[in-house]
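Handing you this structure, nothing more for now.
As written, the chains take the letters A, B, C and D, and residue 1 is the first residue of each chain.
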Amino acid sequence: MIEFKNVSLVYPNGTIGLQNASAHISKGEFAFLVGQTGSGKSSFLKLINREVLPTTGEVFVNNQLTSEIRLQQVPLLRRHIGVIFQDFKLLMHKTIFENVAYVLEVTGVPAKQIPAKVSEALKLVNLWDKEDSFPEQLSGGEQQRASIARALVNHPLILLADEPTGNLDPDTSWDIMQILMKANSRGTTVIVATHNKTIVDMMRKRVIGLSGGRIAFDRERSGYLPADLEMAAREV
Amino acid sequence: MNPVYFFREVITNLRRNVLMNLASISTVTVSTIVLGLFLIATLNLGFWVQKIVDQLQIVIYLKDDVSQEQINRLYDAIKANPQVKDVEFISKQNALKRLQEKLKILIRMNDMPENPLPNSFEIKLKNSANIAAVAKELETFPGAENVKYGQNIAQKLLSLHQAVRIGGLLVVALSLICTIFIIVNTIRLTVYARRREIRIMQLVGAAFWFIRWPFILEGIMQGLLGALPAFVLVYLSYLLFVPRALHALPFIPFLPPSGILYYLLWTLLTTGIVIGGLGAFISVNKYLNYE
Amino acid sequence: MNPVYFFREVITNLRRNVLMNLASISTVTVSTIVLGLFLIATLNLGFWVQKIVDQLQIVIYLKDDVSQEQINRLYDAIKANPQVKDVEFISKQNALKRLQEKLKILIRMNDMPENPLPNSFEIKLKNSANIAAVAKELETFPGAENVKYGQNIAQKLLSLHQAVRIGGLLVVALSLICTIFIIVNTIRLTVYARRREIRIMQLVGAAFWFIRWPFILEGIMQGLLGALPAFVLVYLSYLLFVPRALHALPFIPFLPPSGILYYLLWTLLTTGIVIGGLGAFISVNKYLNYE
Amino acid sequence: MIEFKNVSLVYPNGTIGLQNASAHISKGEFAFLVGQTGSGKSSFLKLINREVLPTTGEVFVNNQLTSEIRLQQVPLLRRHIGVIFQDFKLLMHKTIFENVAYVLEVTGVPAKQIPAKVSEALKLVNLWDKEDSFPEQLSGGEQQRASIARALVNHPLILLADEPTGNLDPDTSWDIMQILMKANSRGTTVIVATHNKTIVDMMRKRVIGLSGGRIAFDRERSGYLPADLEMAAREV
C-alpha cells in the first residue's frame, strides 16, 4: 500500500525533513508515527499525500510512484486519502457542513446523497449541532473534530491523522481512536502521528519512531518509547 | 460537473465576502465608467470632425463667356462623377446677393455699375478626403476659369480628421488596456486574499477545474455587476447631457444617445465579463500549485 | 515611537509581498496615468479655445465723411479704454486690398470706378468675454457707422470657451475621483488580505497607532512607487508627442511640455501619496477592532 | 489579580461560552483549566485578555473591570498578559525572530536590547536555530514553541497558556511546564488550559474544571478529574 524506499526530504531552505527513511505499510495496517517535535512525522505524511515530493528516494502509494503521478492525477490520488491535518486546514469561508461536504462534491457524489453522508460524519465526531457554524466560531477541539469528520466522510483507502487528538480531552481522544480503529477494521490503512503517550501505550499497535528525520525504530505491538530508548535504537 | 453547485458557490461567496466584493465590483464600475466616457468622447469628436469635413466643397468659377447650354452640359458631367454627392449652380446674381448679405451694408450697390462676380458651381463630395484629386480633375473642364476648395482649410481639416480618427482609436485602445489592467489586478488581489483556501482545496483532492470554475464565475459576476451599473450610469448621464449640451452649444453636433447605446453596452459588458473571468482564471492559476 | 522601525517594517513588507504589491502599485500607475492624460487633454483644450477666443475682434466701420482729425481722436479714445488691448486703423484702401486678396481674382478691379468699402478700426480686447458690452459702448462714438464683432461666432466661441472650462474642471474632478476610488479600493484589498495579521497584532498588545503606521507608510509608498512612473511615462509621452503633433497639425496649438511639468508632477504625486496613505488609514481602521 | 463574578459569555450566534462563572485567581498563582472540548476554557482565557467582554457579570484583571477599560488602554492591559494561543496566532509574514521581537517593539523596548531578549526566549524553548524561518516552514510543535517564546519574552504579569503542549511530545511538554513553573516562581500568575491528564495529575496544582460553560469544580492540589467526576461535581 505505502512504501518508502530510502526517502530523504530536504526543504527548499535546507532543513532536513526526512533522511534515508525506508518503511512499508501494508493495506489495512494501523501504525503510529511517534517522535519528538520536528522529528519528521508530518513530513512523512506529506510525502504520502504528495504534498511534497521526496528529494531522493521513492515513495509508492497504492503501487504508484508519487513522483511519477501526472499533475492531473494528483487529485485522484488525494481522494483516496483522508487527511486530518495538524493545523486542521478548514476552509474559513465555509460552514462546517460545507467543509465536510466539499470533499464529496470534489469527487462528484450526487448532490442528493451529500447531506446524509455529511450528517453521518458529523454525528460520528459528535459535532452535528455545529454544522452551520464557521470554523472561527468553534473551539480548538471542535475544529479538530471537524477536520476528522472531513477526513472520514468519503471512506478513504488511507487515513493520515496528524496529531488528531492534540486539542481533545482524554475521553474524546479515546472516542476518536475508536473511530479510527473502526475505519481500520473496515480495511482502511491508518497512520497516526501523535505525541499522546497514553494512547500509543494502550493500543499496542505498530509504532514507527522518528528522530531527526531518521527512522529510529519500527516495532509491532509496541508502546511509546521514551526519547533515550529512541536514541539507543538509532545508534543501532 | 454540476453547474448548480458552481452557481451556489459563487452566490455564497459573493454574499460572504461582501466587503471584498464591493471593493472589486466598484473598481470595475469606476474603470469601465472611464472607458465608457472615453468611448463616447471619441465617438462624438469623430462625429463632429466628420460633420465639419462634410461641409467642405469645391467651387468652380466659370468664365463669363460660357453659354447656358455649356453650363447645362457641365452640370450633367459633374453630376455624373461617381465621387460627387451634390452639385449646385450659383449664378452671378445669386453670388452677388450672397456677398452683399455676408458683408451686409458694406458694399454700396450704387457704386457698382456691373456685377464683378462670376457664375459658379458648388460641389460636395461623397468622401471629402479625395477633394484635392477631384478638384484637379474638374480644372480640366472647358469653361472653368478657376477651381477652389479652400485648399488651406481643407487640408487642415482633413489632417485633423485623420488625427482624430487615429487618436480616438489610440485613446480607446489605451483606456481599454488600462481598464483591463485595473480589473485584472483587482481580481488578482481578491484571489490573493483567498490563496490559502485554494491550497486547501487542492490538498483535499479538488481537481484544477473544480477549483478554478467558481473563481472564474465569480470574476465574471464581479465584472458583470461592475460593468452593468457603469453602463447605466454613463448612458443615463449622456441621455441627460445631450439636450443640455445641444442647448448650450447648439453649433456643436452630438451623436444621438440611441446611436451609441449598443456600442456602449457591448463594449462595457464584454470588457467587464471577459476580463473578470479571464483575470480570475489567470490569478487562480498563479496560486494553483503546479510544482 | 521609532521611525527606523516603521521604515524597516515597510521595506520588508514590500519585499515579502512582491506579487501583491506589484498588483497594487501598478494599479496606482495605470489610474494616475489616466488622470494625467485627462489633465493634459483638459489643459490643452482650454489653451486652444483660449487662443481662438483671443482672436475675436470688434470692427468699427466709419462713415465716409469722417475727417482724419476725427479719426485720430477716435483712435486715442479707443486706445484709452481700459478693456482694449490693441487697436488698428484700416483705411478704405487697405480694406479693399484685403478683400481682393481674400476673394482673389473674383473681383475685376476695372469694373469698379470707386472703392465701395469704408474706413474701419479693428479692436482686440483684453478679455473677450466682455466683447458684447464693449461693442455696445463703441457704437455711441461719433462717426461710427456700424460696429461688428461677429456676434454669431463670438457668442458660439464664448459659450464653447465656458463649456470647455467647466467641462474640463468637471472631467478632471471626475477622473480624480475615479483615481481616488480605484486606489482606495486597491489598498483596501491589500489590507483585507492581511486582516488576520492586524487582529493578531492587536491581541499581542500593539496600540492602534503602532499597527496603523506601517500600513499607512506602505500605502504612501505604494502611491509614490505607482505615481512616479506614471508621471515619467505621461510626461515623456507628451514630450515626444508635442513636436510630432505640431508637425502633423500645425494649426492646433499645444502647451509646451515645460508648461505642464509641475502641474502634472504635483497632481500625480500628491494624488498617489495622499490617497495611498489615506486609503491605507481608512482600510486599517476597518479591520482594527473597536468593538 | 483575576476575578470572575457571575460571568456569562454568549457569542453573537447564541452559543454559550461561559455560564455564571465565578472564580478568583490571586497574584502568583498557578492554575489549570480543564474540561471537555467546547467546555469554555478558551472562552475563559479570552475574557481575561479582553478578547471578548462578558455578556453579563464582571471580569477584573489587575483590579480593572475589563468592560470599563478604555479602548486605547486595552493594548496596555495586553502587554502585561502573555498568551500562548491554542492556534498559535503567529504572524505569517514575519520570521520567528520577528514574531517574538514584535511584542517587544510594541512596548517600546529600545532596539538594541531586542536581539538579546529574543534570543534568550527562543533558546528557552529550544528554537534558536529556527529564528529566521517563517511560521509556515516550521513543524506544528515548533510553531507552538514559537508562540510560547513570544508569550514569555517580555516577562508578563499574567501568562495564559491555551493547550500549550497539544503539539509537543511528552519530554518537550515537561520542559515547557518547567518553564511555566519557573515563570510562576518569579511571580507570574499562570493559567494553563489543557487536556494533558498526565501533566495535571503530576503537578498537583489548583485545577478549575469547566463543563458546558459552568465551573464544575475548583480544587487545590488536584489532578485531572475524569468526566464522570466532573458531572458529579456539577450536580452539586
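Just so we're on the same page, contacts are C-beta pairs under 8 Å (C-beta built on N, C-alpha and C of every residue); 3 or more make two chains touch, one makes a residue touch a chain.
This one's a predicted model, so the numbers in the text were calculated from it and none came from an experiment.
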Quick check on the contact network: minimum steps from chain B to chain D?
2
Hop count on the shortest chain-contact route linking chain B and chain C comes to 1
Farthest chain from chain D, going by mean C-alpha coordinates, please.
B
Chain A and chain D: spacing of chain centres that average the CA atoms, whole Å:
28
What whole-number Å value describes the gap between the mean CA coordinates of chain A and chain B?
62
Rounded to the nearest whole Å, what is the centre-to-centre distance of chain A and chain C, using the mean of the C-alpha atoms as each centre?
67
If every chain is a node and each touching pair gets an edge, what shape is that graph: line, ring, star, complete or other?
ring
I'd like to see which chains touch which, written out pair by pair.
A-B, A-D, B-C, C-D
Complex contact set, residues of chain D against chain A:
11, 13, 15, 34-38, 41-42, 86-87, 133, 137-142, 144-145, 162-163, 166-173, 195, 197-198, 224, 226-227
Of all residues in chain D, those that touch chain C in their complex
49, 51, 53, 71-72, 75-79, 81, 83, 85, 89-93, 102-103, 105-108, 111, 150
Across the complex, what residues on chain C touch chain D?
1-2, 4-5, 13, 16-17, 194, 196-197, 200-208, 210, 290-291
Mind listing the chain C positions that touch chain B in their complex?
19-20, 23-24, 26-27, 30-31, 33-34, 37, 61, 104-108, 111-114, 116-118, 145-146, 148, 156, 159-160, 163, 174-175, 178, 181-182, 185-186, 188-190, 192-193, 245, 248-249, 251-252, 286
